[in-house]
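The structure is given below, and queries will be raised subsequently.
As written, the chains take the letters A, B and C, and residue 1 is the first residue of each chain.
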Amino acid sequence: MVTINNLSLSFEDKKIFENINLHIEKNKITVIIGPSGVGKTSLLLCLNQMIKHDAKPIIKGQILYTFKGIKTDLNSLKENELYELRKEIIYVSQHPDLLPLSIYENLAFFAKAHNIPNYEEKINEVLKKVYLYEEVKDNLYMDASKLSGGQQQRLILARAFLLNPKVLLLDEPTASLNEELALKIEKMLQNQKMTIVIISHFKSQVKNLADKIYRF
Amino acid sequence: MPYKYKVYKLIFAFFSFIAMSLVYILLGFILYKGFSFISFELIFSDTNAIDALLLKQRVFDGIFPAIIGTFMLIILALSFSLIFGFASGIYLSIYAKNSTKRIVNLCFELLASVPSILIGLFFLLLSIYLHDKFQANFMPSLLLASLALGILIMPYLVQNTRLSLDNIPKDIKQIGINLGLSPTQNLFKVLLPYCSKELLSGIFLSLGRACEDTAVIMLTGAVASAGIAASVFDRFEALPFYIYYLSTNYADEKELSQAFAASLILLFIALFLFLLTKIIQKKFRNYYGYN
Amino acid sequence: MNNIFPRVLLIITFISSAFVFCIFLLLAILCFDLFDSNIINNFFGMVWSVEEEKYGIILPFLGTLIISILSLIIAFIFSFCICSYIFLNKYKTINIFLEKSMLLMASVPTVIYAFAALFTFVPFISTYINGSSTLSILVASITLSLLLIPTMGLLFLNSFRTLSSKYENTCLHLGLSKEQFFYQFILKNSIPHMLSAVILAMARAVGDTMIVLMLAGNALSMPNSILDSARSLTSHIALIFANDYSSLSFKAIFLCAFLLLCSNFILILSIKYIQRKCNAI
C-alpha cells in the first residue's frame, strides 16, 4: 500500500532520521517500535505530509502511494492537493485534540465537512466500536473537554473511524486506557479491514497486534 | 466546493484593494502636498531660524510655535500622567486582589472609551467652576490642556504597565521572592528593570496618542495664533488644532500650504513615535525571548 | 517601608480610577439641573435655535447614529475582507503589507485623515455624485471607516490567529482544507470576539469629533439621503463650545455630553458582558 524508500528527514539544525525503508502492506497492521524521541511520530507525520505544515523540513527519499489512481511520491504533492490526501490517510495523535464543541458535534462537524451521508447512525456505530457509547450515550451534548483522558482518546479514535480512511496512523492509541479496555480496542483493531500503522510502547500489544514490526 | 471559495477569496481581495487604495490616496496626498510646500519660510516665516530656535524672537505666521506647542503639551501631559499611570499599573499587576483587579480594570477601560471631547469638556467646566469659586487663574491654558491630555493617555500607560509586568515569565518573577526579597524590593530590583524597555515603549505609545488629539485641546486652550506659551497659564498653539483651524478658515494659498506642511510634520511625529514603540517592543522581545 | 508603598499605590490607583466617575457625575449633576425646568420638552425636539430658546438635540443624535452606523458597516466589510484575505492567502509579502498597513492606519492622527479627505474625497464625490452639498454624511462615513478599520481588523486577525493556533492542526489532520477550516469553523467561533471588536469600533465612531466636524457639513436639518449634510453630538458640542463658551445655550450641551457618555459606557459594558459569556473558546 505505502512504500517508503530511503526516507530522510531533517530540520535546519537537527537530523531526525535517515534512510528509512519500509513497506506498509494493505489491510495489515504494521507496528513501529523504538526508543523515545527517535522520530516515530515524525515518520507518521511524513506519511500524511503534515510535517511540512508548521516548519520547513528537508525531506529526501520517496513515499510511494496510490493516490487518485496514480502511484505518486507523496513528497511531491502540491499543497492544495494535500487535504484530499489526508481524507485517505488519517493520523490520530497521542494527545487528544478535540474541538471546543460537544461530544456529538466533535464527530458531526467532520462528518458534515466531508459530506458523509447518514452520519447520525454512523456516529453511534463508531462510538460503539471504541466502547465509548455506553459511557456517553446520555451526555452526547456535553462539552467534550469534560471527558476523562481515556474517554477523549477513544473519542478521537472514533472520529478517525467515522471518516473511513484507507490508511490509519495511530500514535499510542491505548496509552491512557486501562488493560481491559486496551485489550478490547486491540481486538477491534485486529478485526478491521483497514491498513493500520501503530506506534506502541507496550510489548504485549506489539506481540498481539503486529502483522509486521518495524524497529526504529 | 472549491469554486465557491475561490469567488469569496476574490471578493476579499477586491475589498482589501479598495481599502488600501483609499488609505494610501490620503497618505500619499499629504506626503505629496506637504513635501512640495514645506520650507523654512513656512515654519519660521520672516524670523531668522536660529533666533527662533533659541527663543530670542517670536515667530508670527509660521508653524514653529505650533510645533513647539505640541512638544510642550505632550511632555507636560506625560509628566502629569506618568506617576498615576505607572502606580496604577504596578498596583493592578502586583498587589491587587482579583476582585479589585476586575473593578479597577473596568474603570480604566471606561475611561479609555470616553470620547476625547468629553474629557476636554470636563476640564473646561472644571476650570470655569474653579475660576468662579476661587478666582484663581484656571482659564483655558497650557496647564489645563496638559491635564486633560494626561487623563486621556493615562489608561494607555496603565494598561501597558500592567501588561508588561503580567507578561514577565513566572520563573523570573519568583527569583527575587525565592532569594528573600519582599514584593516591593522584588519589584524595584528585578521586575521593573526587566521590563524597562516595554515600559519605555508604553511611554512612546502614550506620547503618540497625545500628539494627535485635537478635540481635547480645542476646548482647553489651543488657539490659532498665540506664539509660544511663555508660561503654563498661557494659551498656546498646537499642530492638530492649527491644521483644523486652517482647513476651515484659510484665507489664501500661503495659509493652505502651511496647513499641508503642518500635516506632514504632525504625520511624521506621530508615525515616528509609534514606530519607535514597535521597534523597542520588537527588539526587546527578541532579546529576552518573549513570545 | 514595605507596607507604605502598596498603600500609596492603592491611593494613587483609587484616585486615577475615580476620574471616570468624576466625569460621569459632573455631567449627570449638570443635567439634573435642567430636568425640572420646562425647557425639557424642547430637548427632545427637532429644533435647535438659540433665539427661540429651543434646544432640540434629536438632530445631532440622529446624525451620530447615522454616521456611526454607516461607517461601521463600511469598516466591517473592509476589515473582514482584509483579515480573511490575510488568513487565506499564501503569499507572505501581501500579508505582511496588509498587516503593516493596518498598523500604519492605527497611528495616523484623525485630523490628518479629515484634512486629507477634505481635499481628495470631497472634490471627487461632488464631481461624480450630485448631492445637495459637498460635505456630506457619505464622505464623513467613508473617512471614519478608515479610522475604524485598524480597531476592528487587528482584533479580527487576533481572533482568527488564536483559533487557528489551537485548532487548525486538528482539522487539517482530518482532511479539511485551510479554507474549509476557515469558513466552517473559524467564522462561527470568532463571532463573540468579532462582536466585541465591532462594539469597540462603535464606541470609537460615536466619540470621534474631528472627522465628523470637518467632513459632515454640520447642517442642523433632517438629512434626506447620505449625500446631505448632518451634525453629530460630538461636532455639536465642539461647535457650540469652541465658538463661544460664555453663552448660556451651552447648558443644553450637557445633555448631549451626558447622552454621549452613557452610550459609550453601555457599549463598553456590553463588550464585557459578551466576553464573560463566551470565555470558553
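Following the convention adopted for this analysis, contacts are C-beta pairs under 8 Å (C-beta built on N, C-alpha and C of every residue); 3 or more make two chains touch, one makes a residue touch a chain.
As the structure is a computational prediction, the values presented were derived from the model and not from experiment.
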| item | value |
| --- | --- |
| Most centrally placed chain, judged by C-alpha centres | C |
| Pair with more cross-chain C-beta pairs in contact, given B-C and A-C | B-C |
| Chain at maximum distance from chain A, centres defined as averaged CA atoms | B |
| Rounded Å distance, chain A centre to chain B centre (Cα mean) | 54 |
| Chain B and chain C: spacing of chain centres that average the CA atoms, whole Å | 18 |
| Where chain A and chain C are represented by their mean Cα positions, the distance between them in whole Å | 49 |
| In chain C, residues with contacts to at least two other chains | none |
| Residues of chain C that touch chain B when the two form their complex | 1-2, 5-6, 8-10, 12-13, 15-23, 26-27, 30, 77-78, 81-82, 84-85, 88-89, 98, 101, 103-121, 142, 146, 149, 179, 183, 200, 203, 206-210, 213-214, 234, 237-238, 241-242, 245, 253, 257, 260-261, 264-265, 267-268, 272 |
| Contact set on chain C toward chain A in their complex | 90, 167, 169-178, 180, 184-185, 189, 280-281 |
| Chain A - residues contacting chain C, complex | 48, 50, 53-54, 79-80, 83-84, 86-88, 90-91, 93, 97-100, 109-110, 112-114, 143, 159-160, 163 |
| Partner chain C, residues of chain B touching it in the complex | 2, 5, 8-9, 11-16, 18-20, 22-27, 29-30, 33, 83-85, 87-88, 90-92, 95-96, 103-104, 106-111, 113-119, 121-122, 124-126, 151, 154, 158, 182-185, 208, 211-215, 218-219, 240, 243-244, 247-248, 259, 263, 266-267, 270-271, 273-275, 278 |
